[in-house]
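See the structures that follow.
The same subunit A turns up in both complexes below, where it pairs with subunit B and then with subunit C.
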Partner chain A sequence: MCAPDHSKNINRVGLFSYLIVEKKISLNINGINVSARPGLTILEAARENGIDIPTLCHIPDLLPIGACRLCVVEVAGSRTLVGSCHTPIAEGMVIQTHSPKVIATRRVLVELMLASHPDACLICDKANICELRRIAADLEVGLPRFRARKHYFPVEDENDRMVRDMSKCVQCRRCVMACKSQSGQPLFSMAYRGFDSKVIYGNDQPLDRDACRDCDACIEICPSGALRKPRKPGEERADKALFIKG
Partner chain B sequence: MPQQRVVLKNCEVIDPERIESYLAKDGFKALAKARQEMTPEQITNEIKASGLRGRGGAGFPCGIKWEGARTAPGDIKYVICNADEGEVGTFKDRYILEKDPFTLVEGILIAGHAIGAKQGYIYLRAEYHHLLQHLQSTIDQVTQRGFLNGFKLEIREGAGAYICGEESALMDSIEGKRGEARYRPPFPTTSGLWGKPTIINNVETLMNIPPIILNGAAWFSQMGTERSKGTKVFSVSGDVEKPGVYEMALGSPLRELVEDLAGAKNIKMVQIGGATGRVLPAEKLDTPLAFEAVLGAGAVTVYNRSRDVIDIVHRTMEFLAEESCGKCTPCRQGTEVMAEVLAKFAKNEGSLKELQNLADLSSAMMLASMCGLGQAAPNAVMDSLQYFRGEYEKRVAS
Partner chain C sequence: MTSKRVKKPSQERAELVERLKEAQRHHGCVSEEVIAALAESLAIPVHEVYGVASFYSFLTTRPLGRNVILVCKSLPCHLKGAEMIMEAVAKELGIGPGETTADGRFSFELTNCIGLCDHAPAMLINQDPHLDLTPEKIKQILKSYK
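Moving on, here comes the complex of A and B:
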């Protein structure tokens, strides 16, 4: 019986283990009574029951990050919405994952991300597999109502395993977490603060030739075009073209 | 209602450099009583019965927090005193640290005894560096007199970040990390500093502990209102004749504090609780100062009729955008967007459509942000839109 240690362990296993008891937990999601194993998060319990909650920062099996906030849900009795990826389920919880309040909030969040995102989808190498685009389409978000500065960073293409374009970064921190989960010295960390915060390599230098140890863990989970593999024209794309309705 | 000095009773009375003058004023008698006559359970029950709520702004019941940490499994536990006092317009903790650091240390030691902690930290904001020597000398004197009794009390200095006054970011900072909000649960009482059960209390909260232990919960709970017991120390600044630190029973009307005590005239609005606090217009001056109405950390900034509301709200938002830790989307992006919209209004280039956008954005930030900063960042915008909408409409581009 021990509470999780935030500083060292980044593995999902063990988080909320202090809550684990023998009995299954019964809760109500979107009006349906379900039961789930104790120690699960709301997101995990919802997914086990076939309910999809959007998220841009969650990585299965690793510690929740909680940065993107897209997975927020309504829990009866809670003053604010709660992040479903990091909140453990509790007996008798009544949850709404797609109420009008939740949807309106998620839309604003996506609009906020798009407000400072470059309008480069037409020529973005990951446009067809971009999770941000997919979620924006699902939530029927078009041009954002809000305006914010765009981030302009030069594309880092020195490394032959990975191309990094920080102007497309949505600061989900998946790459930071994924890199930390691999053996060896992590490449990425966070620097600066507020709107200027940024995932940095080293002391905020461009990715160099020797940077990457070729596990590709971060590239595969990057939800936007910020991290990608170098691709020559004519080479096969990662997925088929994305069709967005409407 | 005049001032009522409970927390500040020793300020300007004792010599803050000499422990002897504190001992002459019943110093460390509460600690002796707590250690010799009371079990940890009795102490937390006493604090619970007193109705003491956190003075750092959130108003969480102190006794419940202590009980959580006391009953949490684990041999290693920590007490943290939050002396980051970062909220804009607060300076009460500085006054307390300057004038009566001994009561604070006594409060920390009682807290340590109550939850079973052997180690405590005072997190001192970087801007209070000049108090470091003074505070260390206090701890040294207490140590020499043998009051620590195996407890280890150290000072940790911040590095100037507003967010590090937020309890979870503060713990990250003590751990040597970048100060960022953590998601809860797990709460600090089960998994706080280095993952161990931890209580974090504001300076003023801990100042209330020795008098409660000495005089009893019943004595304490007769002061204040039904849901806000005791007194509160206010930092009054802005357009007033006598800015400074005032202590009043909770539930006292705002008007008595700003007009009668501090001598404010021609009030246009008052901001209570600093940058993330509420804004009240002059008509609302009879609002009681209590957790059930308005309070925060007790920063009271008065603006007279010569001040421009949009200018104040814009600068407040610029500050919050600068100080957001950047971890979660609504706060990082939302404060930036709000600062840009308000800058337009400040330049008479606003639009009515953007007023609706501000409302939608505020609601998302309040609902989805991870910590109190993002959740409370839109307060000044929403309140000023409610009470001073005309001033916004005047700034719409023609």
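Moving on, here comes the complex of A and C:
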């Protein structure tokens, strides 16, 4: 008996699929030829090869959301920038993850987010672990040049597991996605339209006392101070102070 | 494995918008009770039903008056002076967008694009289109609705 021919089984899920060495896809990221497993997204392939692309909405291992657009990259032959977190890699792709055009786009996106974000970092509990603030610092975004209307919502602190302040929400939808996959019954959805879009609970009502179980999944992944744990009196803010360069 | 993770929406989810439209026709609005009942019967969480209902400007979560004015707020109408039309309607009726007159005769709502951009600014009253509006026309038009 000769050895079974595995080559026919490629792309088919079979009993011994783990034995098959899948054919790798070769692509070019920032001028470097790399290879990656088929089925990965550009973001995953880049990260595997040590290239960091900033994201605010991506959660590893969950369905891509594609809401924040910070992960946009330039793909040769594509009319527009593409979101790398939801674009699968293809053979021979030529990708630029940090070209001037991409960086300029990311800066504008962060500026727009900051423009409608309350200037409350000094008193925000999550200021030191805030992803939005860290990315703004990384991209060297200073004061936003846009003077946008801000969202103001009352802080929802009825629940003893979670404090929710939708004024600080950047609408990345991570909490919607995480809650969907963690618990049988998700708590959040997107509602309204355009500027009024908002993550809601129930019929757009404040989080009540017994709304949430204690998985904390959404609090951990919230990139801003919109979701946080209640702080007991005398307790320190989360993590060490975040020093912004410059 | 992006492509394998994507599931087709279930039949219930696909039905949702039609059911909401039906409820709006029957009850005049998609109230919290209607949303709760729909969520129950389609096995979709309440917040998701509310999310869809609040997205569409032809669906409302509160009861409306006899005549429903929908003034377009999208870009082409905006550029052609929809703001002035809204002001004229508000002045004529004494109510702002999202409100109903005390006598229940008119509800004043804003809508996203209604596809009448070639005759901007435009509005719908009880689904009848009114085109190429000017603040002067508003009084006349509103008079014809009792």
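Annotations
Keep this in mind: the second predicted complex is superposed on the first by the 222 of 246 C-alpha atoms of A that agree within 3 Å, B and C clash if a C-alpha of one lies under 4 Å from a C-alpha of the other, contacts with A are read in each partner's own complex, and residues count from 1 in each chain.
Here is the rule we go by: a contact is a pair of C-beta atoms (placed from the backbone, for glycine too) under 8 Å apart; a residue touches a chain by one contact, two chains touch by 3 or more.
Computed from a predicted model, the values in this text were never measured in an experiment.
In the model built by aligning both structures on subunit A, subunit B clashes with subunit C. In the superposed pair of complexes, A:P88 makes contact with subunit B and with subunit C alike. Once the two complexes are overlaid on the shared chain, A:G66 sits against subunit B while remaining clear of subunit C.
By the document's definition of touching, of the two partners only subunit B reaches A:Q171; subunit C does not. In the superposed model, A:D204 lies in contact with subunit C only, and not with subunit B.
With both structures placed on the common chain, the touch criterion links A:G39 to subunit C but leaves subunit B unconnected.
In the superposed model, A:L187 makes contact with subunit C only, not with subunit B. Of the two partners, subunit B and subunit C, it is B that touches more residues of subunit A.
Judged by the touch definition given at the top, the superposed model places A:C215 against neither subunit B nor subunit C.
Across the options 4-12, 112-120, 310-318 or 364-372, subunit B meets subunit C in a clash only at 310-318, per the superposition defined above.
Contacts of subunit A with subunit B, set against its contacts with subunit C after fitting on chain A, overlap at residues 64, 86, 88, 190, 192-193. Interface residues of subunit B facing subunit A in the complex, by the touch rule stated above, are 72-74, 161, 163, 175, 177-178, 180, 182-183, 185-186, 190-191, 194-197, 321-330, 332-337, 340, 357, 360-361, 363-364, 366-370, 375.
Taken in their complex, subunit C has these residues touching subunit A: 1-6, 32, 35, 45-48, 50-51, 54-55, 57, 61, 112.
Taken in their complex, subunit A has these residues touching subunit C: 39, 41, 63-64, 86, 88, 185-193, 200-204.
Within the complex formed with subunit B, the residues of subunit A that make contact are 1-7, 16, 18, 64, 66-70, 72, 80-81, 83, 86-88, 101, 104-105, 108-109, 112-113, 115-116, 145-149, 170-171, 173, 190, 192-197.
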